[in-house]
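The structures considered in this document are given below.
Two complexes follow with subunit A in common, the first pairing it with subunit B and the second with subunit C.
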Partner chain A sequence: MTDTKLDTTITGVPGTSRVTRANLGARLGPVIGMPVGIVLLLVIGTLLSDRFFSVGNLVNVLINISILGVIVVGMTFVFITRGVADLSVPATVAVGAILTLGLQPAIGTFAAALVGILAACGAGVVSGILIGYARINPVITTLGVSTIVLGIAQWSVGGVIVYGSDADAQAFVNSRVFGIPVIVIIFVIVAVIGHLVLSRTTLGRWVYAAGSNPDATRASAVPLARTRASAFVMTAGLSGLAGALLGITLQTARPAIGVGYEFDAITAVVVGGISLLGGSGSIPRAIGGLLFVALLNNILVLHGVPTAVQGIAKGLLIVGAVSLDIYLRRKGGRS
Partner chain B sequence: MSAVSPLRGGWSLALLGLVRYRVIVILIATLVIAATFVPGFFEARTLSLGIDRVATMGLIAIGLTVVLIAGQLDLSGGAILALSGIAAVGLQESMGQVPAAIAGLGIGLLAGCCNGVLVVLLRINSLVATLASMLLFRAVCHLITDSRPISGIDPFFGIPLTQPVLGTLSTRVFIFVVLILLLHVWLTRMVSGRNLFAVGSNATSAAASGIRSRWYLFGAFAFSGLMAGLAGVTFGIASNTGSPVFGDTIVLTAIAAVVIGGTRLEGGVGSALGTLGGLLTLAALTTAMEYQSIPAYVQDIVTGAILLLLILLDRLTHAKRGTDVSPTALLRRLSPKRDAARQHETERTPA
Partner chain C sequence: MTVALEMRGISKSFPGIRALADVDLVARAGEVHAIVGENGAGKSTLMKILAGVYQPDAGSIVLGGSETRIAGPIDARKRGIGMVYQELNLVPDLTVAENIMLGATPARFGFVRRRALSDAASAVLDAFNARIDPSALLGSLTVSQQQIVEIAKAYAQHPSIIVLDEPTSSLSEHEAQALFHIVRRMRADGIAIIYISHRLREVLDLADQVTVLRDGQQIDTRASDGLTAGEMIRLMVGRDLTDIFPKRVVPIGDVVLEVDGLMRAGAFSDVTLNVRAGEIVGLAGLVGAGRTEVARAVFGLDRAQAGAVRVDGAELVARTPAQGVAAGIAYVPEDRKRDGIVPSASIKDNVSLPVLRSLSTAGWISRSRERDLVREQVETLGVSPPVIERAVDTLSGGNQQKVVIAKWLAARPRVLILDEPTRGVDVGAKADIHAIIGELAAAGTAILLISSELPEVLAVSDRIYVLSEGRVTAELDRTEADEAAVMLAATGEAAHA
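On to the complex of A and B.
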């Protein structure tokens, strides 16, 4: 307990942390663990199935994670600000999808998607104000907001399934530019912007500060409430974007379209080694967790493993990843 | 700080009293609304049907009340419900009906213990831990049933559960009411129950005061698992069906009911009777709105709005929680002779 210097390796904020021989493993573990894990999965997948390491398959994996990945970027912000988790993702995804397809005939796909994203942001503003300023528990707030927002979204379209009418938009999202699917490009752009905001801007620093020590952050005149609220607005907006993309690709939007995305996003972030206690983590780590889960799933699918076993694998993966993270933290703190 | 100082006049005190007894206030308000819209709402049959529909969720809410008071969260209740329901129905053929039901309960308890190990031993945050176990239990359900609902051997076996026993209360409602009253007695009258509140407000301090905090946390999860198991067994037997998709949204609604009942997610605050009030409020509200054929999504809006409003009120008045708002104090201080009463109060309050 004598080690009082700032542990910057875990926070991901560059600093002057010293790596000694004694804490080498614990310090490097969190940094190199995920890339090594992904490479290991790639090797195992290649050995187990000859279809695995092909461009077609790996691009498919990327397409599959792109929509979820957009949400994961937002969820990472929520985790780092110690906002626990945003459970309103299914509702905001549905808002994005329903409004995009519902308003499509009237104002065009692009404008409709924009309205959908803005409406989702509106839901995020409500959660953000309640969580950041009124300091209500994030779990129950996002749950309540989720119920209300989903209800309003269904009400606005009369509680039916909405079908798309713009085949061009669908073709565009499913098309490829220089061999890269458009949907993957959108995801990469969102991820890069998210990473730059988190690592290079004042807001990013505030996000880390708010998560690692709220009291000290408030004492340093950082707008704690606004920072925490912005994380929820961002997640809601990105979920809206994900919903719009999902609606355009599927050309149908039902209210339950986003169910499960919240838990999938949390799984990816947690497997990426980002703690619910906040103050640590980065977008690349969360994306790493997302890739890891996706590759593991892909290997299981290629092997014809039943969906149920994939669920078991996912559950065990969360437990394993979090236990390992807690173990490494404790070891790193002691040495 | 003197308890009287932040209060100016009777209005804020009335507001505090309103918030303190919001469960009763909101319950009465809902009942009045329900009675206005639903003819014969207070007939025993309508009422008991209303309660019957929350009996299954109520059992999960009982477990959640304990977990929430301990300052934790349990998302896995719905999956445990499905798992033990499948066990209770699916094992009937090989074990007989009663042993199968007991096995279902045992599986619920075991699943709860798994959660306890994850949270207490591996020190995983309860939200993440129960999320993982929820995925796991749900996957096991799909695996053993091949994602198909299964039926029991005798559809008449479950009939007694839904038949009226006392007046018009069905057996499962009876079980639920007895359990929630027992929980109330345990939480308010017994040392171990009071210890749970201590663990919930600050587990470390409680441990320092000689309370085995970690065992209480473990016990809370085991209890919650057992209650979810009981919910699954009664639901499975009553419907003579076990399905891997049963209870997929039940936990979030149950959490809402518990929180409407005044239990705080931060731990250390809560009551069993509050949970009962929250459940009855939701039941009355749903009955009234369904009778008016209000679409389900509008019902969701109303439920969500009530939930958020109640928590917001709770939050805004949380700073003044030291104020005495017991019924007698409220009566005394809001009576016409308020000034005299306050004089008296100030004398007694130490500066």
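On to the complex of A and C.
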């Protein structure tokens, strides 16, 4: 009976005791699930193909995810504030890429990239104001802003491909420092800063609170609209950066350059176990999801699996991850 | 009287916790059987077993004379058990009639028989003497009317047993009377009623039998005749509470909060009141009189269209909660789940939320300063368990409320507005919260207290303003305030008297 006494005082309501078996799964699952999954993939990949577990292949995987990873960091903020998702990523990536290459001859690559990123941020400010202050549905807003911004981008370059003119910049982004590709370093820096902002700053705390319970957050004197808007500004800016990097590496940019990045970013965040309902998640978890998807893709490619089947696998992964999230939340007693 | 339900030797354990130990419950037809106990005493577990949500580990359930296994909520309903939970389970976009008949909609070939639907619903509402239009959209009704619809929905199934779980927790005393009428009507129909409530006075008024649970144990079951509220509390908490609402006498200082002619269209108008340092001022009135709306507008959650709010003589254009907080106002909201807690966040993150900026340098949170501040508040308020990393949604209702109060004390307010601070909170936590309020007043905080529980307002307040239909209809001093005077003003009768 001493047990009863202790436990009811802790939880108040019998049956919602903190550590039940189901609850344990819900609370531990997200923490250990992803590392275990990634290790599993590494083992499976090694068994299936002798080309898989080599420095060259794994570094290639990292290079391939770095540009997407920069966007994933922003998308994680959007998910945690319960902003659903930012569908304007293809447009802001295109803005970053097109402006970087287009302005390159006039003002130099670095300044051009900066302008591209700022312009992308501008698109994010528009989305953010509409979503945060006017409270328009994020999906509709970002779709609309995306269409408009893409239209402007297309119009400004006359619908043709823009070519780069700075081979040095390309060489720099593709170079390596102590064997680590520069592009991977940029991604890691963005991820670390994103993680610190989310976990250690007032803005980060507000992001979590806004996603978990917006009403209580507002009633706690938190600038709710600004917090929500900032997640979209950040995603737009990081997409602009991703676009600039993409433009510099490819030295070509067309308006459709960013198409598909929005869904790949959403896939990574969702597979990382971050809920669409907001209020929880972290950058490491989103990157775990990103790595998982990338490794799976890599194994499928090395194994010569047709592209169509790769798509099916990715789709199943999203549906599976979301179902698992909902299931664990129900078991954990949260709805 | 015939026994409708007998639960014998019911035990139920969850991993690491014994929720119910050998509990007996006998409900007779035409009798109101109240179950009382602190939060976590096992009331809801017992009712969930009756509703088929949980299966008991031991014990038996006898319904209408034969031993039964209740397989699940649908099975429970088929066997004549009607459940009315505290949270309303209604569809706002359907009509009253459609809601009442939800799940038992009369239909032929899949098409709703509209006439039969409306007749059946009207019959139930007539039986309740409720003046509610069956064709009105549910969302257009007041909370108390919706509560009646919820009961009508259970009643329409012709149950032999109805369980009412905290039916009055969101009703004012006046509205609760209408509900009591319905309970008595159902009792006269020969329904066995199981009634769960924290409001002990209504338990004494309504119940024929009272069962007291504490920590999953059945402490006593006895006839309500001769039982007193004090005796019930003693049984519930296992100790004597000599005074439920002790009042501390503290020196009262200058006016801190001044509200002058505040108006918000459709909610309240010309509200003028003031609160002095160290003073506890009650804001009484029926649900819907505009008390919460006034509080929200003073704090800055809603916008007032006319009037002024002053703190220490300085007028503030409180248009956002941030400005309210900057002026020294704190608001503990009525709806804890909606406006109070961030459920998945920790106690620490909840408590520091309004003061995060002052704990940060250029946006970077000082974790040590945050931890110290939260630990201090958690200790002062006696939040249990005092583990600041624990997620708030794992705490009991009373402790969640303490976290919300801690959050606002951390902001060191000059004016503290408490809106229904003890609703749905068990007796022990209630006493704690009253003690905290007393201490804050002693420390010179100006306190504005909103409560639907009249005895609470009367016992704690130095002065009481009564609101009726959005207007201040009375200002009563502690010495002249009693239930009759407040109710007279609250129902708008004082103006005519």
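By definition in this document, the second predicted complex is superposed on the first by the 310 of 335 C-alpha atoms of A that agree within 3 Å, B and C clash if a C-alpha of one lies under 4 Å from a C-alpha of the other, contacts with A are read in each partner's own complex, and residues count from 1 in each chain.
As a convention for this text, a contact is a pair of C-beta atoms (placed from the backbone, for glycine too) under 8 Å apart; a residue touches a chain by one contact, two chains touch by 3 or more.
Owing to the predicted nature of the structure, the values given are computational and were not obtained by experimental measurement.
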TODO: Report for A:92: first if it touches subunit B alone, second if subunit C alone, otherwise both or neither.
DONE: neither
Open item on the list: I'd like to know which partner A:135 touches here: subunit B for first, subunit C for second, both or neither.
Closed with: first
Open item on the list: On the A-aligned overlay, A:209 touches which partner chain: subunit B = first, subunit C = second, or both, or neither?
Closed with: second
TODO: Identify the partner contact of A:310: answer first if only subunit B is touched, second if only subunit C is, both if each is, neither if none is.
DONE: first
- [ ] Applying the touch criterion given at the start, work out whether A:266 contacts subunit B, subunit C, both or neither, answering first, second, both or neither.
- [x] first
Task: First, second, both or neither for A:326, with subunit B first and subunit C second - done: first
- [ ] Using the touch definition from the top, say if A:146 reaches subunit B (first), subunit C (second), both or neither.
- [x] first
- [ ] Mind listing the subunit B positions that touch subunit A in their complex?
- [x] 73, 118, 122-125, 127-129, 131-136, 138-143, 147, 252, 255-256, 259, 264-266, 295-301, 303-305, 307-308, 311-312, 315-316
TODO: Can you check the complex and tell me which residues of subunit A touch subunit C?
DONE: 1, 3-5, 7-21, 200-203, 205-206, 208-209, 212-213, 215-223, 279-280, 334
Task: Complex interface listing, subunit A residues touching subunit B - done: 84-85, 87, 130, 134-137, 139-141, 143-148, 150-152, 154-155, 159, 255, 263, 266-267, 270, 276-277, 306-312, 314-316, 318-319, 322-323, 326
TODO: Sort out for me which residues of subunit C touch subunit A in the complex.
DONE: 12, 14-21, 39-42, 44-45, 48, 54, 215-216, 301, 320-322, 324-325, 331, 333, 338-345, 349, 352-354, 356-357, 360, 363-365, 367, 384-385, 390, 393-399, 407
